[in-house]
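The same subunit A turns up in both complexes below, where it pairs with subunit B and then with subunit C.
This part shows the complex of A and B:
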């Protein structure tokens, strides 16, 4: 990507978010670092519970507190560290420069306000538009996200819309102020398969049209393959592999990434072994000193249990695995 | 919408009929005879019998009942057995007294209860939260007559800040009215305030966890809009549903409170009428209070529908 030659628009460095509950205390996001370049689509993949949502919420300072708290790291955006920014400064960034959409379209809109109000409100607040002007812009936005007869829809309440339509409204809200960055947290996961494709197409079209940078969070590598330029693989709160999408799909370096890829349907559309990776995500509160993937890894050796391997970078690729060299062999041979 | 209101009003007629029927029957079952009270304790049985005949109390139950309803249809609530005055006149005369105190208590309930509940939720587990929850618990668990007596002892007898009873018309002297009605209104409101504060707090905590609140924050809205707009309108929905209960607690509490503070309102009127078996006053008072409650509950339901777009009355319900 030519985008990589420019300066990143968003730089996350060592972001660490602690969750503290009665029974446990752990880093849901553990020293996560990455850059997002203007106009780039970055995928973040990983099984459910690995800290993808927490990463996105941490960037915008939206971690629910309690139980969460950012304990370390920096999030650089437009010359400012958002982790250290005041609440007021964050409010000026949220929704205006960095917008976010969520996994749950059914519950993410306020049930007691019309969708017109929920879109126009953002414009009135950030761009100081008057009521009329904000309403007109809301109609345009609804049209842009493909909602039929947008002017009439403005006065609908969320319960009058389907899940797919609500997610379109969420996208309209997010795009209202032409943000530079869109954080899309599993925007299609809760939708029907046909609707999923439509929403993904819409996001792809709008991204190309507006040239904004997008972080697409998903547990679906298919979405990454279709939409993202670069991908970050997360496991148990950490980034364990990073690289251009083609490179990762061509030669996954981390055994976990290889497992994820093996569970994808192959070219003939046949579903691969569903649980390609035995076992499940470890209890985050009870992690040993070693590699977090070790208990499920086929290539584990004693040294893997001694220390958690750091994310080692070579060019545009990075991987956190002592046995990465071995694992990097073409996928067919090991899988 | 209009059809819904008309429908509700029509549906309340059988309810009012039942209320009066039950109260009429209950009074017949309770021992005690107004004729003895009127004729005096020294009266001979013949004198008592004569009084009873004059008042029509010698008639069989169903005759009395039918005659009362016949008068009611002509808008006549009868006259008090003891005062001899028209029941409707007495009620209308006392209405501003009870109404002004009930309104005062309602404003306290909603104002203090709601704000305290919201503050407690926003500062969960802080000292404010602890204080609000403790006072609210006392409010819902201590009986209002006991609270009223304690308030009188403390603020009227010991400190002498406020009068221990009596009433001043607000049209004559507003400050006098405020001084006279503050202790009654606070005693009357404590239970509902506590109830509302607790419900508001738990609802607010629940609402603040919702995804749409996260959306509101992600839009960059400031805290006062997130809480005061997006959360509050959702919090109001369950709060308004308990408002019906709050109102009926308010009206039933006023019987005791008006009596304790010797306030000439409808509550004390019905209270003393029950003690003296003044049947027409009891019947008229209860009918009036029941009508008020039904109307107020209709208003509450309309507010509820306005708050929650998922509920719309009138479209086939």
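This part shows the complex of A and C:
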């Protein structure tokens, strides 16, 4: 595969999660495979509903059931397949080895307990710390995530904090047990732009400091460009393109990725209308046999509708498109 | 507080000064709650200090003094056996509230247990709630009468019967709140931090379901005091010489024309208790509910 010397810390193979509704059933996550290396920041990008959050939830076995169910695949972490691990084993991994932060900082904290109690709870639960030791660690953690006067803040209730502060608290809780992997599911989406930048800086600083591997899930390509080392582009439940950030931003191979990048406002070029990808994400319950992006693709040809192209790997890059070579040609427009 | 607010140092802007007991403050500003607290407080005081408040044994018969109207000698008058109405009504308050309290405790335990299980573990929901529905299909008093008839009369059995009758209602309320709370982001976050189901249910879900439960239990208290009076009126509560509001009224109803105070006074005590508890419950609902919706 690639020229990395180290073994991946998290290895996802063919992960497939099925969602079942009254009228349909479909694979919200469809044969997703990727490796996460120690100290690496992996970005997963895609539109709403493309399965990026579901992928993160599937890794930790948190898919709500019903309606969801992992139907195939493996998630290898520390020599264990988390898909086949018991609930008890998973509980020991969650929060301690693999932590997760969510999109909604406003409602991710329990309103009836102080933030100190909530940070301490994780420590007491996973590390079996005493009440006092847990409290001391909680103060350290709050200081680490940049909350002013942490000792006093410890006794605040979540409603007394702003959204940015709450997300900092969530990060403190996630980092409490020094996890090896942090899954950040749209950690800045619900925040103001200025606060977004602060939280992102914080995550970046902590990632470098603690050397943990981070999976950052976002629809914001700016965040990926700034923070991630490697990117996974997802569309309709599938990984359609993978590669180093620079490579993907410089020469996107998949028409969808090209469309995503083209839809970003360009600060240097002349002012004009932003380009958009025509159409919308397909109905997951009613997918044809062909490429899932075909109905919206400007480069579509009859063969694209016949079979869904597999993810073809060349070196560190991978792309799932029959016309990838064409699409990668520098002057080609995606109409 | 006012002078303190003026002297608040600047650092307090970063960490706002803690207002203690905000819920209690709001309750004390709620007028109807205070009226309810006063009414129920009177009855509760009478029940708690019953033995200090009564001079005459509630069961001492004195035929010479029968049918004495309320006055300076007999505060609440006497009944057909010349027993002190004051003693009987105060003693009755003790038993009524004790039974009400017993029902509330059993109700809280079983209602919360069943409601939480049904709401959290969706596979249990149908089984448990259909059983609850079956219980709720019967009129309250009829079912209570049926259960006491099966168990035999007596105050313990009345408590069991009333708890059984009211538990499905509490279970429904708890289930409804659990259904809302279990979908909250902080529950998912707790799962992601490795909490077990038991831990999530006890530590994260139930504490967030307390407000409606407390309100419900206040009403259950009122209903069970009333229903207990009905049961003992029908002779299914505590056995006769023991005074309860229900059996005092039952005995006095024969003399309602000549000695209306025999029925009127326990009736008023009952009305006062039920009204007081209802006002308390309304006040709690007004104060606790907005907190659930508006997290500031």
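To be clear about the criterion, the second predicted complex is superposed on the first by the 317 of 335 C-alpha atoms of A that agree within 3 Å, B and C clash if a C-alpha of one lies under 4 Å from a C-alpha of the other, contacts with A are read in each partner's own complex, and residues count from 1 in each chain.
Just so we're on the same page, contacts are C-beta pairs under 8 Å (C-beta built on N, C-alpha and C of every residue); 3 or more make two chains touch, one makes a residue touch a chain.
Note that the coordinates shown come from a computational prediction; the quantities given were computed from them, not determined experimentally.
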Task: When subunit B and subunit C are modelled together on subunit A, clash or fit - done: clash
- [ ] Please indicate which partner A:35 is in contact with in the superposed arrangement: first for subunit B, second for subunit C, both, or neither.
- [x] neither
Open item on the list: I'd like to know which partner A:93 touches here: subunit B for first, subunit C for second, both or neither.
Closed with: both
Open item on the list: A:111 in the overlay: touching subunit B, subunit C, both, or neither? Say first, second, both or neither.
Closed with: both
Open item on the list: Quick check on the superposed pair: does A:60 touch subunit B, subunit C, both, or neither? Answer first, second, both or neither.
Closed with: both
TODO: Tell me which partner A:153 touches in the superposition: subunit B (first), subunit C (second), both or neither.
DONE: second
TODO: Between subunit B and subunit C, pick out the one touching the greater number of residues of subunit A.
DONE: C
- [ ] Mind sorting out which residues of subunit A both subunit B and subunit C touch, each in its own complex?
- [x] 60, 62, 87-88, 90-96, 99-100, 102, 104, 107-113, 121-122, 125-126, 159, 170, 173
Open item on the list: So in the complex, the part of subunit C that touches subunit A is made up of which residues?
Closed with: 11, 14-16, 18, 122, 184-186, 188-196, 199, 203-204, 207-208, 210, 295-296
Task: Of subunit A, residues touching subunit B in the complex - done: 60, 62, 64, 87-88, 90-96, 99-100, 102, 104, 107-114, 121-122, 125-126, 157, 159, 170, 173
Task: Interface residues, subunit A side, partner subunit C - complex - done: 60, 62, 66, 87-88, 90-96, 99-100, 102-104, 107-113, 121-122, 125-126, 148-149, 152-153, 155-156, 158-160, 170, 173-174
Open item on the list: With touch defined as at the start, can you tell me which subunit B residues reach subunit A in the complex?
Closed with: 209-212, 214-223, 225, 230, 233-234, 237, 307-310
